[in-house]
Every structure is written in C-alpha cells, then in structure tokens.
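Following this line, the structures themselves.
One chain, chain A, links the two complexes that follow: it is found with chain B in the first and with chain C in the second.
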Partner chain A sequence: MAALTPGAPAAGSTDPAAAGPPVPPRPRDDFARRAGRAALRAGAVLLRRILVLAALLAVVFAAVEMLPGDAATATAERGDSAAAIAARREHLGLDRPLWERFTDWMTALPTGDLGTSARGEKVADLLRDPFPNTLALAGAAFALTVAASLALGCLAAARPGRRTDRMIGHTATTAFAVPDFVLATGLVLVLSLWTGLLPAVTVADASGKPAEWTMMIMPVLALAVPQTGWNTRIVRGALADQADAAHVEAARLDGLSTTRVLLRHALPGALPVIATGIATSTGMLLGGAVVVETLFNHPGIGTVLAGAVAGRDTTLIAGCVALAGAAITLVLLAADLVRAKTVGAGR
Partner chain B sequence: MTTASASTDTATPAPARPGRHPHPRRALLLLPAALFLAVALAGPWLAPHPIDAPVTATYAEAGDGALLGGDQLGRDVWSRLLDGGTALIGCAFLIGAAVTATAALLGCLAALRPRAGRVLERAADVAILLPSVLGIMLVALAWPDGGRWAVIGAAIVLGIPFAVRVIAAAAAPLAAAGYVEAALMRGESSLSITVRELLPNLRGTVAALFGLRFVEAVYIISTAAFLQIGPQPPEADWALMIRENAPGILLNPWAVLAPSAAVALLAITVNLATSAPAPRTQAVTSA
Partner chain C sequence: MYVNRRQVLMTAGGLGAATLVGCSSQSGGAPAPQTTGGTPKKGGTLRVGALGRAGAITRDPHGTQSNESDYLVLSLVFDTLTVPAGRPNTAPRLAASWESTPDLKTWRFKIAPGAAFHDGSPVTAADVVWSLRRLRGTKSGASRLPGIQAENITADGDGTVVLVSDYPNAELPLLTRLSSFILKKDTPDNALDKAPGTGPFKLDWYRNGNARLVRNEKWYGGEVLLDAVEITMFETAQAMSNAILAGQIDLASNVGPVAARIAETRKDLRVVRRADDMAMPIVMRTKDGPFADPRVREALRLVVDRDAMVKQVLSGYGTVANDVMGTGDPRYARDLPQRKRDLARAGQLLAEANFDLGKTYDLITTEDIAGLAESATLFANHAREAGIRINVVKQESGTFWDATWLKGTLYTTYWGTNDSVLFLGSKLMVGDAGQNEAQFADPAFDDAYRRAVGAADEAGRAAALVEVQKIQHERSGYLLWGMADGIDVAAAKVQNLPTLAGYGRVQLQSTWLR
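Entry: the complex of A and B
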C-alpha cells in the first residue's frame, strides 16, 4: 500500500482526516490519558443528550397541560355530569398539583413505567409488543437508506457535473418531496393489486410479529425512498465540500484512481456531516412508520396511536413520544461518536 | 457579498449580474409549480359537479359525465379533486410563510447575539427528538376543538427550530462582515441590523427555505389529514380522499390515484422551483 501512495503518506488509512506532519512516537502513559479524556468526552456527550431528552419530555408534558381539555373530559361520555367527570379526574390522579404529577411521571420513566392510559391500563404494557415491530420497520428502512444514499452519493460525486450526477440529483430531489403514504399507496396498487407480487396487507402471526418477511418489503420501501432522496443530497454535498480540501487535491494529483480518492480520502472527512445529516432523518422515519403502518396494518405503534387518537388518550401518545425520543437520542449519540472519532483522529 | 450590500453600489450594478445563471433556466424550473398552483387554486370554480352530491354509482368507472369516475359515495372524483387543493395549498403557504418569517428574524438574531444563538441551538436539539407526526397528534388531541388550526399551529412551532438553524448558519459569516460590525458599533438595534443589513443578503437562502418549508408543510398537513386529524369527512381534501377511497381502489383506481398524484405533483413542482438559482441583486435599491 505504501508503494502505491509514495507522495501522500499522511493521508493513509490510519489518519484520514489530516495531511499534517508525521506524528512522533508517544509514551505509554500519554495513551492512558488520551483514553481517559476520550471517555470523559463521551460521558459529557451522553449527559448532554440525556438532558435534551429530559427537556423534550418536560415540554411535551407542559404542552399537554396548557392546551385545553384533559383525559377526564376527553374520555367522558356525552351525558356525564360534572360530578362524574370530577370523580374520573380524581381516579386518574389529575386533581393533584401539576409539579407533583410531573416529577412522578419523570422519575418513573427510567424504571420503564410510562404512566397510565386514559382507560386505566399501563402504557408500558400497551406498547411492549408493538414498539419493537415499529423499531424493526424503521430500523430496516434506516439501514437501507444509509446504504443506498452512501452508494448513490458516491456514484454522483465520482463524476461531478456529468449525466449520472445530474440524474441522481434530480431523482433525489423528486423522491424526497413525495410523502411516504402517497408512495405506499402507489406501491400497493402496482406491486400488489395489479401484479400480485407482494401481499397488500401485513398479517401478524401468533407472537404478534409480521407472518412473512415479504410483508416488510413495501412498508420499508415506502419509508426508505424519500429519506434516501434527502440523504443522497447530503452525502453528495458533503463529498463536494471535501473535494476542495488540500489532502484530497493532493491525492488526486498523485494520480490515484477516482474510486480510491473518493473512498479513502474524501469520504472519511465527509463522515461527520453525513452522520449528522442521516441521524436527523431518524425522526422522519419513525414518524413515517406510524403512518405507513396504518396503511399496511403492520402490527406496530401506528395501530395503537390510531386508537389513541380516536380515544383521545394523551398519556399513551406522550409515552410513544418518550420512546421515540429515546430511540432518536441513541442514533444522535452514535452520530456524535462518529464525529468525535473522526475529529479526534485528525488531532 | 459586497455587491449585495446594495447601499453603495447602485452606481455600478453591471459586472456581477449577467452571465452565470441565465433567466430562461430559472423560468423553466419555476414554471411547473406556477402552472400547477394556478390550476389547483382555480379548481373550485372549474369543478363541473358539486363536491357533496352523488352523481354516479359507488366507485363507478371513469366516463359517463364523470371524468375520473365516482368515489365511495358516488361523488364526482374530478370535481372533488379540483376542489381539494385550495385548503391544502393555503394552509401550507401560511405555515411556510410563518415559519420562514419567524426563522429569518430569529436566525439573524442568533448570528448577531451569540448568547441568544446558544439558546436557539438547544431548542433545535430538543425539537429534533420529536417526530412531527407524533407532535401533531399530541397537539390535536390535547386541543380537540382546534381542527385545522391545531395542525397549523403545531406545524409552525415544530418547523421553526430547524429553520432557525439554517438561517443562523447562513447569517453567521455575514455577521462577521465589516459593515455589520460597523452597524453594531453604531449601536443600531438587532432588529434594524437584521432587516437592513442581513436579510437583503440572505434573499436566496430565505427563498429556498420558504420552498422547503412549503413542501414540508404539505407533507405534514396531508399526513395529518390522512390520519384524520384536521379536515373532516364531507370536505374534499386530497389526503382524505386517498384514505376514504382506498377500499375501492380496484373498482375505480382513479379515486385514489388522482389525489395521490396531485399531492405528489404539488410537492415535486414546488421542490423543483426551490432548486432554481436565487434571484439576483437588482430588486433592492433603497436599503
């Protein structure tokens, strides 16, 4: 490998982001200190993300409180008297002070207790089976998006300005504009009703999971295609920014192949931007999953949430927000770590 | 950047403008959106049948006076399609405009005053954790009588943090420019600097942001309508039509395909228009 890259020793595989002078050998205790500092940095990032999640939950709780109507009036029957509603309010614990209810809800969250739904069931029990199904759907779409947008973005960046680049650019712009439920409707019509290739409706087996893996194809596609459009543009843009960097220029002038320059020299530097960009689409994927699930009858939280909308069950939705927020926090943390690792390697 | 500061260079406008982005290409990108919006907004006057009276059999096929057949109650799909766009476009426009205007002011404030910038940055961190669909469900439930306004309010609040980030990033390099520092030293207020010095230079960013927020608003409103939050059944609404007519998709595919295509075309054409190059600097003469 060294023989192939005589002119750019610093831009090799171990130190991709910087083309600086050769690093002198370090003593061993320096390594320990670096590891300690890295752990400290990871801890600080973790703490910050958790604080942000807590802030979201506080905002959600406050919003639910401040808007008119509560679970007692929402679930009341039409002819209920004021006394009956007051009794209901007391039963649900809504008559206690706001601050007390908030601290109760927040301190119970880490133990896995998401509160009690308007119908008196445990929210955690209601979500235990469906939430993993939603995560599986969104996770599969996420993996597909990452793979496809990296591949398409690199393909477009390999020959900037040429026909492939322009075609991928236009397709990506078109793809991310189409709402996922519109795409899903089109897919059902073409792949299922007209050609009969795939089942139109997801059927759950005894354990509550989709009975066949082919039932996942259309929901995953409907979620992944618009997000791939968005992320392809991010990958393409990040690679374009890197193309002007000094070390990439140097690698290109050394006569390395386009693929090699792109993958070994431009991509590592573009990773922080790409990771941050792709991580922000997690929210869109989870939200979209809720919608697409109702269309395919996928056994996820979409079905539960549709019921919650009909039954005006705010606690249930707040519980879903908490779980979704936690899942997104994890992905953002992973993006933080990718960024810290890349930036750290450049030091 | 200096050509766009616009207060001093009215005498020499020529060198920067012509050449790079010829106008025909811009018009070509803007035209589909303009045409589509014009037809959709004029739709209610073009509809041949009332939107709430049955004129055909249930899920009747196309033809026989109904261009696209009938829906689940035998109402004319073509008339409902023409009628269903105005509310969606109007709401999306309102959301896009409100988000863009607020974000333009707050984003410039964030670039000018670092402390305010940090607060807004944290707010964006929080907002990213809330999927917009869940946020809308939450607001629509907690405010049951809100209807369309609940959706609009939620979409505006949820959209602002991300938009602020875009504007703040674009305004940051400008905030360090000499003429902005000079204005700060003169003791001008943040609002005055934002309106007189920063925003005229951010026209391109603001225009592109408005287009993107419009597309996002179309997504949010139509998704909410699809989940039956917002417009209620007798109304003709594209997303609602997709949902209502889904059971009869094999009998009259147009009842589902036509509104799907309408939502997709609206989003795609406006999105295409946002990729048009930013307007040149000639519009500002009296900053």
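Entry: the complex of A and C
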C-alpha cells in the first residue's frame, strides 16, 4: 500500500499547486487561462501516455519476433517446401527488418489501419466485433469493482480493527491472490455445472454479441473479484491514511457520525489515491480478459489474442494490444484528471 | 491441408490435434453411423461446438482451413464430389458415380441427377470444372489434387466431368473426398461468403466463426431431417467441454478424452468414439544412421509396450496398431501377426546388428497435438528397459517442421488420414514420395505399390496390397504403436451421428433429434 501514496504511479501528473494563480484577476480571463492550462496539461499527459503506448507496441513486436517460429511457419501447411515458406515470408513482409515493419505499421496506425493479419485479413475487420465485446466485459467488471471496493473499503474503514474490518481485509487478500483461471473454473463448476444457474460459456448470435446477457455474469465476476480484492485494500488504506489527517480528526471530535466523517471528510481526501489505484485495475482487467474470455468463450479480443499468439500473428497481436492499450490510456488519463481536479480542489 | 502446426496456449491440447486431422485430404473408414433406435424424426435445431481460432477464420471453400468450425460450415453448405465412408472408404456425393479407363488414368464422374445450387440453378459440369480448376490453382492445389493438371480437368457435356491423372491412380476418387467443394462457375472471390452451395444445409448467417444453417428442402442427396444447425466456434476444448456439460450445445465435435471421461458418467450425454482417427507413429530414418539396419527398427518395434501406450497416452481411447499405416482401410491386413513386446528378441536383434547401446539417441517430438510428446516419453521409458538410451527432445513446432521433419533420424509425427493404405504409401513410403518421412527406399515396396495401384485385374491389386502391408510391417521406417480415437460428446437425444474418423465427422446430413 505504501507504494500507492499519491504521486507514485501518476506518471504525467503535474503539480497541482501551480494551478491557481496567486492574485484573483478578472473572472473571465481567469477562466480562459484555467481552461487553457487544463487543456495543455491534459495534452501533455496524453502525449506521454501515447509515447508509452508506442514503446509498448515496439516491445510487443520485438517479443513476438523472439518467439520461436514466425507467421510463415505457423500458417504453413505440412509439406510446404522451404522455398514455399520463404515465399510466404516475403509475401507477409517478414523478410524485412523488424524496425521497418514496426515503423510501417505505426505510421499507418493513426489512419485507423491496423495492418493485415498473417492470413491476409484486415486486422481492423477481425477486431471490429470483438473489441466492443471486450469493452463491455471489462467495463462491467470495472464498474463492479469500483462500486464493490468503495463499499467494502468504507465498510471496513468505518470500524477499524473490528471484526468486519479484519474479515474484509482477509477476504480481499484471498480474492486478489486467487488466479483468475482458478476462480473462473470454480465459478463454472458451482454456478453452472452443479447448480445450472448460469450458462457455462458464451455463445454468440448473429449480431456477434453474447446471445443472452446472463452469459456475461460469470466472466464479469471472474474479472472483477480479484480486482475488487486489490482495490478494497487500496480504498481501506487510503481511508486509514486520511483518518489521521487534522480535518478528519477535527470532524470526528466535533461529534459527527462515523458515516458522515467517512464520506464527507475522509473520502474526498482519499480519492486521488483511490482513482489511481482503481485506474491501474484497467490494465489487469484487460490482461485478465485473455484468460477469462478464452475460458468462457467470450467473443472478445482476449480470445483473438490467445489465438494470435499461437499463430505468431504479429500484426494481429499488435492490433489487440493497441486497442487495449488505447482503452487503458484513456482510463489512466481520466484518473490523472480526477487526481488533478481533487487535489487542486482540496487546496 | 489443415495444418496449422501450433499448440495453443495452456489448456488447448485438443485444438492442436484438431487442426491436423485433415492434413492431407482424406479420412474415414469406420462402420455405419450409430443409432440408438427409434424412427428418424424431422425437426429440431442441432447446436454444434467446433474448435477454431478467430484469427484463422476462412470463408473460402478452397482456402486453407485450419478451423474445424469453418470446415464444418463449408461441408454442410457445399458438396464435394465424393465423401469419406466406411466400406468402401469413398462414397458418392455430388458425383453419383464414376468409372475409369483400364489404365486407371482417365476418370469420368457423373454429376448426381437433380443436383442444384441453393438459388435453384442446376449444377453443370462447367461449374464442377471451374471449381476443381480453382482448387487446383490454390497454393496447395498440387497436394489436394495430386497428379491432376488443371488442363486435364474437363467437361463432357453437362453432366460428366473428366479427370486425367498423370499416372495410373486407382485411388483417384478418394482424392476428391474432402476439398473438392463445388461452387457456381465464375463465383468472384469477394462473393464467397454468400456463394450458394449445393449441400444439405443453406447458410442463414455467419459471423466471426459462428453460423446458423437451415435445411435445404430440395437437397438431391435425400431428405434432411434437422431444421437447422447452429455452429459455435470454441477457442479451447475446455470451454467446449463446459458447454456440452452445461447443455448449451448438443454436440461437441472432436472434444477429446478429458470431456469424454466426464461424459461417461452422465446419462444425458453420450460419447462417440471414432476409431482410427489419428496415427502418431515414431519415424526411424531408414536411409542412413543408427536405424538404417532393419533389424534395429524391428527391435524398437518389439521394445514398445503397445497396450501401455494406448492406455496411458490415449487414456484408453484408442486401439493397438501393428506398424502398418492406414488402419482404417477396409482392406487393412488384419491377418498379419500382431507385434507384441519381446525384449529378449529385441536384444538379440540389436546384438546382431551391432547396435551401439552405449550411445544416447535423441527422439525429437513436438507438442503439436495432445499426447504426442507423452508418447515419446513413454516410449523412451520402454526402450530404457531394453537397455536403449533415448533422450526425448521437445522442439518448437516451427523448428520441428523446418529442421527435423523429413530429415531427422528419430522423431514423432502424426497423420489424420488413415483409411487408405495406398494413399499413405504414395505419400510417405514410395521411394520418390514427396513426404517420405523415413527416407524409405525399397524397390520391392515400390514394385508392390505400383501393382496395387495400377494392376489391371482386381485380384492382382488385392494381392499386391497385402504385399505392400507385409513390407511395411516388416521393415518400413514407422513404428506405429496405436491409433487414437476421435472423440465427440453428444446429448443423448442426438441420433445417427457419423462415426467416421477424421473429417468424416462433419457428415450431419442424416443426423436427427429424438
């Protein structure tokens, strides 16, 4: 928890102290200047995030290159001669230097061109249906983890050191420690195979979406539960830090109710830490989607990615990573803004 | 054709097995479809799960199909000229009959009367010629229609197609079984996804590997009983297994032994075992090196404990084999003596051949399909009991196919087409075979093979076929210890499922629901 004190993971956040000008000038100028600075700040943060994403994609390209075999051998047919495989390699452009392939792919990216898969399909077409499915899954899991971890964290913080607190603490640690595939398998066994309450896997219909909404429940749970464990601890920790703050202490001494102290006085101060902590969950959620989607046959980019890695399909892998990375970037950006806003407002 | 030589992450051992099954072009050779009784009934929707990967989806009937789900859709919407069967191993489909000239080079296929595309237009020889030429023109066309040049595919009138082979080929109708999907002449590449087929089902919708097909009321091949077939693509056998166990699908195609073991305990599910589905032999290089001496090869064949292999590697879902490839062939030589473990005899042979027992020999394998690497390890244990030191080396798939396959001295391989001794002989064992895995060159074998394929009289061919198998049993480069079953799991209500090996499992045209 110590690592998650405000400021630590917030790459790109700016010093909020500089936000307010010292002398209050005419309101309109002030507003324009504030807006300009906010935009500038957001722009700088965005730029940094984009650079990180680009670096990540470069790593992905290099990592796939390091795996044994390539897309030419992976899509080859038994009996293809070495010459045929070489021809495929040339056709796929795999004979060109890695750097060249990467820059080509990167420069086409801003136009929405995600390149061509090892089998000659447009990557953008391959991901058109899966990406929204993954967003829906990860989004639902995200919403659930935010709501649950705030509730549980506050509940625990309301009675520090008491039984509820300890129980929530232990449960949260356990939940976070369980690997998602173990959890997913357990969920299927209990909620589907033994009790028949929920469908075991996702079956897509003609629209490319899960045929029934109940098919989303278990994948969402499998993703959200470990993250809720993690985030509950963050919320609890941040609130504990705030409990010692002077204004919270004062509110308590004023005789305000525990709930009021917690929600009105402690929580606002804890929000920056919580926002950052929860935002980092996005990465875990989207990463976990590879395993969880595959286990539940959810038609998202996690499933596509699992197959693409097996097929050494660099552009398809990079396409998945780029989309997931973009989604994570947006959430982190939002978290940065929440931080800046709340920390700024606190002054 | 369907080789995507990759192992999927984690749990999906079954998928690897799956992608390989049709790696040449045939399969089949099993008894008639199974029935548990009752009068066939019309109606109902069959929900099928099949393995496939989103990145490998193809809609081209002549494309590289590595997804079982895609192949299932294609083979229900489109027809091939012939289809896999039990006895004989090739049955009519779009071609109602065929005949050859005595030299076995020119083959005439008669198109089934009444055959029509889903849009109502009749199938003509021109459509067939166009489709076969298109198939021949694909990058693997030469291996799908071996020995048949594009210009030697011609029409004779509206109802007959003539194929002329470069060499005598008694097995030619077998070559058209799995990939000769017939489309309408001049179907443009960008319209393949909606191209009308001639098959027992019409495409209702297809999206990202999943599809719904509806009955073709006017199918020339007979009455189709199912109203519809819904196909769901699964990335892993594990997810598919959960789907059948939870009742979300009615048939889990090629789901593998793990699901089967669970299904065995349930009354509402049935395990369909399709014999002779997959061969996983050990290849011993015959040309040179430590296994060039046939006595050494025989010794290795005597060292393996076949029953233990079937029990442990295949979880019992398989049968013991006898070192002859093509166990599903109706004319497979069952009367050859079954080779059994005999360590004393093996030791004697090794001594006679001066085999160096002091050395350690690498056995190279991959994890391409479930059980393959395990088979290598277990064999190495058996060999150790005979004093032969074998070190199992697992190679990454791409490296294996580049560096070891066709070149190595001792390695595992696998074949999903096992219902023709001659087909495998031509592909793997004839001296100039393109995929001569063991570099086997045996004039007596070649001679027997040619007589088996090209002799004018049936009796002569039959005798030669026995000879082909005898030689294999005696001295080929293959140690074929057993055959894996193909395993489907179905809901009890599903009747008349195909029990053919390999891609014979896609023939759902006469399946019905109780």
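Here, the second predicted complex is superposed on the first by the 292 of 347 C-alpha atoms of A that agree within 3 Å, B and C clash if a C-alpha of one lies under 4 Å from a C-alpha of the other, contacts with A are read in each partner's own complex, and residues count from 1 in each chain.
Please note the rule applied: a contact is a pair of C-beta atoms (placed from the backbone, for glycine too) under 8 Å apart; a residue touches a chain by one contact, two chains touch by 3 or more.
Predicted, not measured: the structure shown is a model, and the values here were computed from it.
Touch criterion not met for A:Met216: it reaches neither chain B nor chain C.
In the superposition on chain A, A:Ala124 makes contact with neither chain B nor chain C.
Using the contact criterion defined above for the overlaid structures, shared-chain residue A:Val182 touches chain B, although it does not reach chain C.
With both structures placed on the common chain, the touch criterion links A:Ala324 to chain B but leaves chain C unconnected.
In the overlay built on the shared chain, the residue A:Leu193 is in contact with chain B and with chain C.
Of the two partner chains placed by superposition, only chain B is touched by A:Thr173; chain C is not. Once chain A of one complex is fitted onto chain A of the other, the partner contacts of A:Ala84 are limited to chain C, with no touch recorded for chain B. By the touch criterion defined above, A:Val309 lies against chain B and chain C together after alignment on the C-alpha atoms of chain A. Once the two complexes are overlaid on the shared chain, A:Leu267 sits clear of chain B and of chain C alike. Chain A residues 68-69, 74, 181, 188, 193, 294-295, 306, 308-309, 312-313 lie at the interface with chain B in one structure and with chain C in the other.
Of all residues in chain C, those touching chain A in their complex are 1-10, 20, 23-24, 47, 53-58, 64, 66, 139-140, 143, 204-205, 207-208, 210, 212, 232, 234-236, 238-240, 242-243, 245-249, 396-399, 401-402, 434-435.
For chain A in complex with chain C, the residues that touch the partner chain are 68-70, 73-80, 82, 84-85, 117-119, 121, 126, 129-130, 181, 188, 192-193, 196, 199-201, 203-208, 294-297, 299, 303-304, 306-313, 316.
By the touch criterion stated above, chain A contacts chain B in their complex at residues 52-53, 55-56, 59-60, 63-64, 67-69, 74, 173-174, 176-179, 181-182, 185-186, 188-189, 193, 280, 283-284, 286-288, 290-291, 294-295, 305-306, 308-309, 312-314, 317-318, 320-321, 324-325, 328-329, 332.
The residues of chain B lying in touch with chain A in their complex are 122, 125-126, 128-135, 137-145, 215, 218-219, 222-223, 226-229, 239, 242, 246, 249-250, 253, 256-257, 260, 263-264, 267-268, 270-272, 275.
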